[in-house]
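Just passing along the structure, written as C-alpha cells.
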Amino acid sequence: MWLNRDIVSIGDLNKEEILQVIEKANSFIPYAKTGHPDSPLKGKIVATLFYEPSTRTRLSFEAAAKRMGAEVLGFGSIESTSVVKGETLMDTIRIIDGYSDAIVIRHPSEGAARLASEYSEVPIINAGDGAGQHPTQTLLDIFTIWKELGKVDDITIGFVGDLKYGRTVHSLSKALSHFNVNLHFISPETLKIPKHIRKEIEKKVPVREHLDLEEVIEKLDVLYVTRIQKERFPDPEEYKKVAGTYILKPSTVARGKKSMIIMHPLPRVDEIPVEIDNLPQAKYFKQASYGVPVRMALLDLILRGE
Amino acid sequence: MWLNRDIVSIGDLNKEEILQVIEKANSFIPYAKTGHPDSPLKGKIVATLFYEPSTRTRLSFEAAAKRMGAEVLGFGSIESTSVVKGETLMDTIRIIDGYSDAIVIRHPSEGAARLASEYSEVPIINAGDGAGQHPTQTLLDIFTIWKELGKVDDITIGFVGDLKYGRTVHSLSKALSHFNVNLHFISPETLKIPKHIRKEIEKKVPVREHLDLEEVIEKLDVLYVTRIQKERFPDPEEYKKVAGTYILKPSTVARGKKSMIIMHPLPRVDEIPVEIDNLPQAKYFKQASYGVPVRMALLDLILRGE
Amino acid sequence: MWLNRDIVSIGDLNKEEILQVIEKANSFIPYAKTGHPDSPLKGKIVATLFYEPSTRTRLSFEAAAKRMGAEVLGFGSIESTSVVKGETLMDTIRIIDGYSDAIVIRHPSEGAARLASEYSEVPIINAGDGAGQHPTQTLLDIFTIWKELGKVDDITIGFVGDLKYGRTVHSLSKALSHFNVNLHFISPETLKIPKHIRKEIEKKVPVREHLDLEEVIEKLDVLYVTRIQKERFPDPEEYKKVAGTYILKPSTVARGKKSMIIMHPLPRVDEIPVEIDNLPQAKYFKQASYGVPVRMALLDLILRGE
C-alpha cells in the first residue's frame, strides 16, 4: 500500500518495497530529462519545506515533481516564513497540509519529519532531519548501485570518511543489510561507525572495520566516500592530520577493481580531488542525477498508489 | 465589474460583491485540493511580491493560482531582489507589470498596495501592507463564518486579544458591519479597538466592549482570537500580566455554545493552547485552508471577470 | 546552429544571429503577455541560478520560460543552497545539469558563466557575471532600439554615466558596432570608457567622447543612461559633484529630438528623476518589458533550434 504513505525513515520500507521503487525509477529514466509524456501527477501540488539549505535535494524533488506534471510550492530557507514569528512546526504543517498533496520536509532537528507526519493528512517525505534520516538519499544510493553494477546482491561495499555522524552511511548500510552484501567501514578511530548501528547490521551481513582504505580497496565493488567535517574536531591539528589521510588518491583507485564505482552523497569538499572526476569509476554526479527518477517514482507511488 | 480590478482594501467591496466572492469560493471547494479540471487561468502569470515574511498568505496564493492553472513567479524576501540596490517600489511595480497578469503584494508600509495600484496596469491584490489592510484575509474569515455557520447574518461575534494594532480585526469588523451582526470587543484597557473604528462600526451594528471574555462567552457564535505581541508593551511585566489573562482556557470554551466556532488568523503563539486544537469548536486550521478556494475565486474574478 | 548553444558573451553572436533573435522576439510579442498558445517548450525545465540579487533578470527569464510552457526551478540567493557548505560552482553546475534542460546563471565573478559552460552538458545562458558579460541585456537593448525606432542602422547613440565599470555599456556598444551607427560617450573624466574598448569599437564605427551631455543631445536618436555608483569614488565629495551633473534634466531632453528615446538598464537611482517618466521619450520601462519576448526567443532557439 503506497497511496498516501509517509516516507520518514528508510526502515519503513522492506526489501521488496525498495526494489519496487528501483524498478519504477528505472522505468522513468527516459522521462527524467524530457518529462513524463502523460503528466501523471497533473493537478497535484508538492510542497517543499526546507528549513535548512540544500541545492541537490530540493531542486531534484522539484525537477521530479515537474517532470511528472505536478506543481511545486514552498520555501528554501526560513527567512521568508512565519517561522520567524515563532510559529511551531506542527502549526506550519497543519496549514501547508491544506495547500498541497504531499509535503517534502528538511529540518535541522532529528524527529521533525516523524512529528510532521503525525499532524499532516497528506503524506510526508523526509528530506533529511538533522542527524536523523534521509530516506530518498538512501533510495537513490541503492538505485545507483543497482543501475551501475546491475545488482545489489553479492557485492562488497566500503564506506570511508566520517562514519560516526554521517546519517547517509547509517541509513544506507542499514538498508543494504537487507541484501547479500559485505560491508567495510574505513574511518579514523574517532569517527568510527556507532556501535549500536554496527551491531544491528552485523546480525544480517558480514561487517569489518579498518583504519586504512589501502587494506581493503582491492576487494570493493563500491567505494562510498563521505565528507569529514572540520567542526567535528575539537583540535584543528587533529583534523588536519586525519583529513589529509582521508583524501582519495588516484593511485589508491588504481589498485581497486576496474569495475569499482566511486560514490559520494555530495557536496564534497577535499576528500575527492577533481582529478578523480574523469576516471570511469567516478559515479557521484551520475548518482546525483538519479535523484530525479527515484523521486519521480516515489512521488508517483505515494500520490497515485502502485 | 471585476475584470482587472485592484483589491487594495476590503472597503473597496460592497456586501453584494463580498457574497459573490463567497459563492464562487464555495463552488471551487471541490477543486481546492485537486485542481480545477478546466485550468481556467492557464497561460496567466501571477506575481507574488513579498517584502515581508509570510508562509500562509504567500503559499495559499500560490496554491490558488496553481489549482486554477496559472503560473507563479516572484520573491519571498527582499534579499534576492534589486530592492537591495535601492530600487523604489514604484519602479519595481512598473517592471513586474510587464512580466505578469496580476500582482499580489505584501509590504511593511501602510499604503504600499494603493501606491502600487497607481503604477501598475495589471491588477494589484493587497496581501497585507503594515498596519493597513489585508482584504483577502477578511474574505476568507467571512467565508469561514458563512461555511461553518451557514450564514453571516444574525450572529454574535467576539473579538479577543490585541484589538488596537490588529489589522485583521479592524478589517473584519468593518466588513461584518455590512451584515446583521452583534459585535463584542474583548481586550485589555491598553489594547482596545481604536475609537474611530468603533464609531464607524457602531453606526451600523450593535457594539459592546469588555475586559473579560467570561462576561460574554455564552452569547458568542464566533470567537475570533488574535495574538498579543510582546513588542506592543513598553513594560515586560505588564505584558506578562495581560498575556496570561488572554490565554483561552478549555473551561471558558466549555461555557460557550456547542455550536460556537473558534477562529484565529494565525500564526498563534500562546493565546490558544494546543489542547484546544482537538475541540470541535476549533476551526482555525480549516480557516487557513479556506484561503485557497477564496483566493481561487478572487483570482478568477479579476483575471476573467464575472 | 542554435540548438544547445551556450550564450556566454554577446561577442559569441554575429550580426545575422542578433537579427534572428530580434525577429523571433518580435514574433513573440503577442504571446509575451498571454503565453504562447502552443506551449512550445512544454516538458522543459529551465534552471535559474542567481548567486547575486536580481529582480528584473531573474523574473523576466522566469516569465519568458513560463510564457513558452516551460517549468522553472532554482534559487534567487545563495542562502538556501549548498554553496554555504563550500560546494564549488563546477560541482553545483554538474548537478543542476542533471535536473534541467538549460541553465541561466548570474554570478559575481567574471568568467563564471564561461566556466559553467565547460562543465555543463545543457546550454548555459549568462545572466551577468560580475564586471563581465550580460548578453541578454544587450539583446533586449538592441531589440528596444529596433522596435522603438524601426531600425538599428543609421542612428546616433549617446551613452551617459559610468562608462568605465558599466558592463551594459561595454557589451551594447560592441554589439552596436556591427551596425552602421554613430556612438557618443558622455562621462566624467574618471569614468570614461576604457581605452581598449574604445579602440575595438572605433575600428568599425565613428566614436566621440564628451564631458557634457548638452554638447551632443541634439544629435541623439538614443540616449542610454546608466547609474553612477557611489562606491566607485574614493572621495565622497567628488562623487557628489559628479553625480549631480549627471542627473538628466527635462530641459536637456527638451533640447533633443522629439523622436529620441531614453533608455536605462535599471535599476535607476537618481540619474533619471521621476518627472522624466511621463515624457514620450522615456522608454526604460518598455525596455524592461521587452526582456520577456527577447528571452522567449532565445530560450526557443537554444532549446528547439531554429
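Chains: A, B and C, in written order; residue numbering restarts at 1 for each.
Just so it is clear, contacts are C-beta pairs under 8 Å (C-beta built on N, C-alpha and C of every residue); 3 or more make two chains touch, one makes a residue touch a chain.
Only a predicted model underlies this, so the values are computations on that prediction, with no experimental measurement involved.
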Touch-based graph of the chains, sorted into line, ring, star, complete or other: complete
Rigid-body rotation angle, chain C and chain B, from Cα fit (steps of 5°): 120
Cα-centroid distance, chain A relative to chain B, in whole angstrom: 40
Junction residues of chain B - those touching two or more other chains: 79
Chain A residues touching chain C - in the complex, by the definition given at the top: 33-35, 37, 50, 53-56, 58-60, 62-63, 66-67, 72, 76-77, 79, 266-269, 274, 285-286, 288-289, 291-292
Residue ranges of chain A in contact with chain B within the complex: 42-45, 47, 71, 73-75, 79-87, 90-92, 94-101
